[in-house]
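Okay, so here's the structure we're looking at.
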């Protein structure tokens, strides 16, 4: 059942393995007439590239995107946009060992169970490199959202249990530290912790938060295709995500109705909410307020310290995973969350256009 | 964009409003040859019926299901199963007031923004009664899963901040208290809290946990259609859910790789995991272990105490929501979570059948 | 894989068997704010009702539709519209014989092969009564199209080899004969032929033509979701249809490029075509001209004369199908073709709204 | 609404323009474990390559396919197979003229109406080169079908009104003439006609027939997703197709029930049909017999003789389309029909696996 396509009208179909010839995505359903060039996409890919600090894998990956179709004279044509990032680092590693056993916390075992065998080179299809395709597609969505006056912004909210201090959060700060954290002090503490974990050959997890501004009220469908339900699927489908929450999220479960209900007010002739426990979504539909959600990432499963596991022959063995791996997933995952969110919101905008008969009549000028 | 259909192969399409003629669902893609009668479905509907304790709304709702199609001589035929619950309590309430303003925490405002107007009677399409259709469809899925040796079980893990003590959890206990809680002592404390909140005209939230046993390894697709991603969408699409987590969930974000990685072992010739931080899902595919996930429910937004809001004319007003409402959603939501989970797992089982060429060849006996 | 849902944004999901409790459809994705009442749908259902002449089965079927959801204060709400026609004629026929063998030209054998057994009462799910659901859903689409200034009109083009004389075609004539034929003389000849075939206990086939006016240019997608491809699926999915063609259709295969190319001209400042060999569709997209297509219906497979076949025990037997059946399908199928076409065109209108970024920006008023 | 994806479980998503960087397809949902190499695909692409006779365009197009993902150690992995054919002939043609007007019979005008502008180089997305992607994807389906013992075979049934003589049809003959026609004499007459039409600067149409053997009974869904309905969409979505028919097709409309019903017989313990008017499909489901369908192709719209049309400024002009074009589409379309049919049938096989509960239980070994 396929499973490599995401979205209803704005749709991405991804392909590629970590150490195959390349990674790519076909973006179908992108509206015509939006300015788009490779640099628009490259700048998002650069944010997920490894090797940018000692806390990400030092592997060299150029990750240069090429637009193969769907853009003509600098504008999207409405037809599918094929984007590809060729894998440059394809020299023959020695995978003879890794091919024989199941790494704990990885999809090796489940892949074998599903398909009977797997492309074991660098994790194959379940590698983190799969997110290149998501980022490339999301960058296209981001360009359309920008044209429509909508902005999406994600950042590290918490890493290894060290959270951003919300009272002095500064988004501009994200660019100044290796963790994409909007709080310099928290980032410093994370750096110390990360250095310690690197020494211990261990890894840490964290939480990414995402905010979306400028979204009109009324997007989303009231039952299964709620905006938050679609965001939940988009975000939980990112490798290593183990939790999703919108607005007050799990904290709402410990709140009361009188605390958690956002009071409606009038402001400049418009209906607004005094607070935003809802995270910008009521009954699955956007309420015009900022959309806020969070994703919980588990620690990187690839750790250098020895681990117990089993091999394909059914023997219990001890393994040490070689190579340098990211001691945490969060910093590079921020842009992935942002891009998946952008794809969802653009899709909701397009889907919502057919909600009202009078607007359809206006649209077709009748 | 529709939005009232859920699932890939096993698909439910729901319809109906709280105070319209009825609520129903068309279950398409149910395999042929499964024994099914109305009682199989009714027993699940009875679990979500109101009026079973003083902590649920005392409204009288018979909620009797009728099978209109898709079953012949006691067995599913493979064609769509149409299920309907007629609304019996349709006497003309006075909705003149509620129709004019936006209840805080409800979808009144977003419905108006999306469609230009709304069926305001009892919440219309965004009423909790919408879940009748989910439960009816999920009950069908449950019958098929039972035939295949798979069980799904949900319960209240935490209500109003009072959590089940995992060391003495007893699922049999769920039937003995009004909260579907597997811990008698916790249930008693919840009862005291709930009584207090009723007096305060306030409401509380909580967390539902769900466990699924007997699922074969290898279900789910490695990229967008991960089992946990599909569960996330299914669960977050339930009204009032603000968060979803699988396995260790948000706690994994504060864990380390060495703690969070589940060690593989051999047991009776089979690969098993020593622990289950993963919640039975690795890389989006089932690993043969128990699937465990949780959903966070916000407090009931309908509370009797006065609240500030605005009306359709753009005036700020104070309102008191009349009628008796559930002071908490969780007890009646347990079965809804269970049923949505059942629908997802059955769908995954069906989708997975086409994963391997050799098994397809065997299937067609060639 | 389900298979009981049709459409992308405007979606119908049908259910029901010939002699089950009823036949129904859930119409999801219908825009909000369109006036709709049961009479709007009933008038289309009446056109497919049997018993209107001696050339249709004399079975009494009231076929009264009820709207169960999705309409409030006389207008569609944007949420699913559930329509049901209860089966009134459910007295216990004797199906003991028909249940044991495979009627030639029917789906009895294929149903058994697919599902292992079948609801044999009156053809079950493969009965012509299944089209009640299509007509009900199409009637809703028709109401929206009317609001948007688009009309759909089908009629019998040819029955038993007797074709309408195009030079004197008069659509008003359709109502004056039992065959829905826009040519009184042709209808008279068909009547004589039909009477003869009734005597011979045989049946005849025919061709339905459909014309759609007022469709804006640019609908449809250039590759797989061409308007004509979607119409082809919609029409060939109607029971008994064995062929579909658009514009000049099969005749185009015997034409030359110079004959078959429609010359573009200017008329009142607009681009028009001098001829319409294309049938209003170029490259899968509407060209603003009238859409014209045809469907070939086979003769009714239920004939009273003895036929050879086999039974479920694998014995060759001779059978005579009892009961009075329509000696031709075409007259009652006209409205089914019309309704399926309406559903496709409405869907194309909704899908097309997201084609251009500038129009999306205008739509959202930014 | 996207529109560049086809199929339910076995899904192709195509991209690319005639004179862009390349043409490609992502095949998702292909079962794991099937041997696949580039040569398996190339041999199908070679059949649609131009320049093979004087009756196809002499343009040089290498059309070499590369597998970018989804195959490991010579076998499909179950993950998406990305196939690409780079466009080698991208030298800068002069499109300044063609960009300004609308070619009769082409999608130039409808593209402009839909998207506001178009990639006019060589027809852009609506070029016949789009079928490269269909053939590549279909070749993968064909490899899986072969593994399952199913064969698909198409050929030219009729060109320019000259039909194959069915009494002496010989499929081996197809390879011996430029038209893929299974009748040497008919091919000779077509050659004479084609030479004449080339001199007249005109073009001709034709009919492709396709036969599929080895398909088990019971595939297809009884209502909208009938096998013939899915084939109809697949085939009519091929550019230049104006008609589709299955079995006796339009001729059935002129037949009687007693002629058109296929008698069931027993043969070697199996149910068979004496004749095959149904074309292997009854009630939308396969009956185990050979599937037979036909597609009507219009004449190539690009003809060298002068034609009247309008330009983008709304002026009526006379144009002569430069370059050498295929005087007929049929010979190169044969393989496209075959490949689309293969994709549909494979999809039906996969979809059908979940039809019966007992078989699902067997599949999962419970």
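Read from first to last, the chains carry the letters A, B, C and D; within each, the first residue is number 1.
What we mean here is this: contacts are C-beta pairs under 8 Å (C-beta built on N, C-alpha and C of every residue); 3 or more make two chains touch, one makes a residue touch a chain.
Everything quoted here is computed from the prediction, not taken from an experiment.
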When subunit C is superposed on subunit D by its C-alpha atoms, the rotation angle in degrees, nearest 5: 180
Fraction-based call for subunit B against subunit A, same above half, different below: same
Centre-of-Cα separation between subunit B and subunit A, whole angstrom: 26
Chain centre separation (subunit B, subunit D; CA means) in Å: 44
Subunit A residues counted as touching two or more neighbouring chains: 1-5, 8-10, 14, 29, 32-33, 78-79, 114-116, 125, 216, 222, 351, 354-356, 358
Subunit C to subunit D touching residues, read off their complex: 1-6, 8-9, 14, 102, 104-107, 109-111, 113-116, 125-126, 130, 158, 160-161, 197, 202-207, 216-226, 228-237, 239, 242-250, 252-266, 269, 271, 274, 277-279, 282-288, 296-303, 305, 307-310, 314-316, 351-352, 354-356, 358
Residues on subunit B engaged by subunit D in the complex (per definition of touch): 9-10, 29, 31-34, 76, 78-79, 144, 147-149, 216, 222, 349-351, 353-361, 363-364, 366
Residue ranges of subunit D in contact with subunit A within the complex: 1-5, 7-11, 13-17, 20-24, 26, 28-29, 32-33, 66-70, 72-73, 75, 77-82, 84, 114-119, 124-125
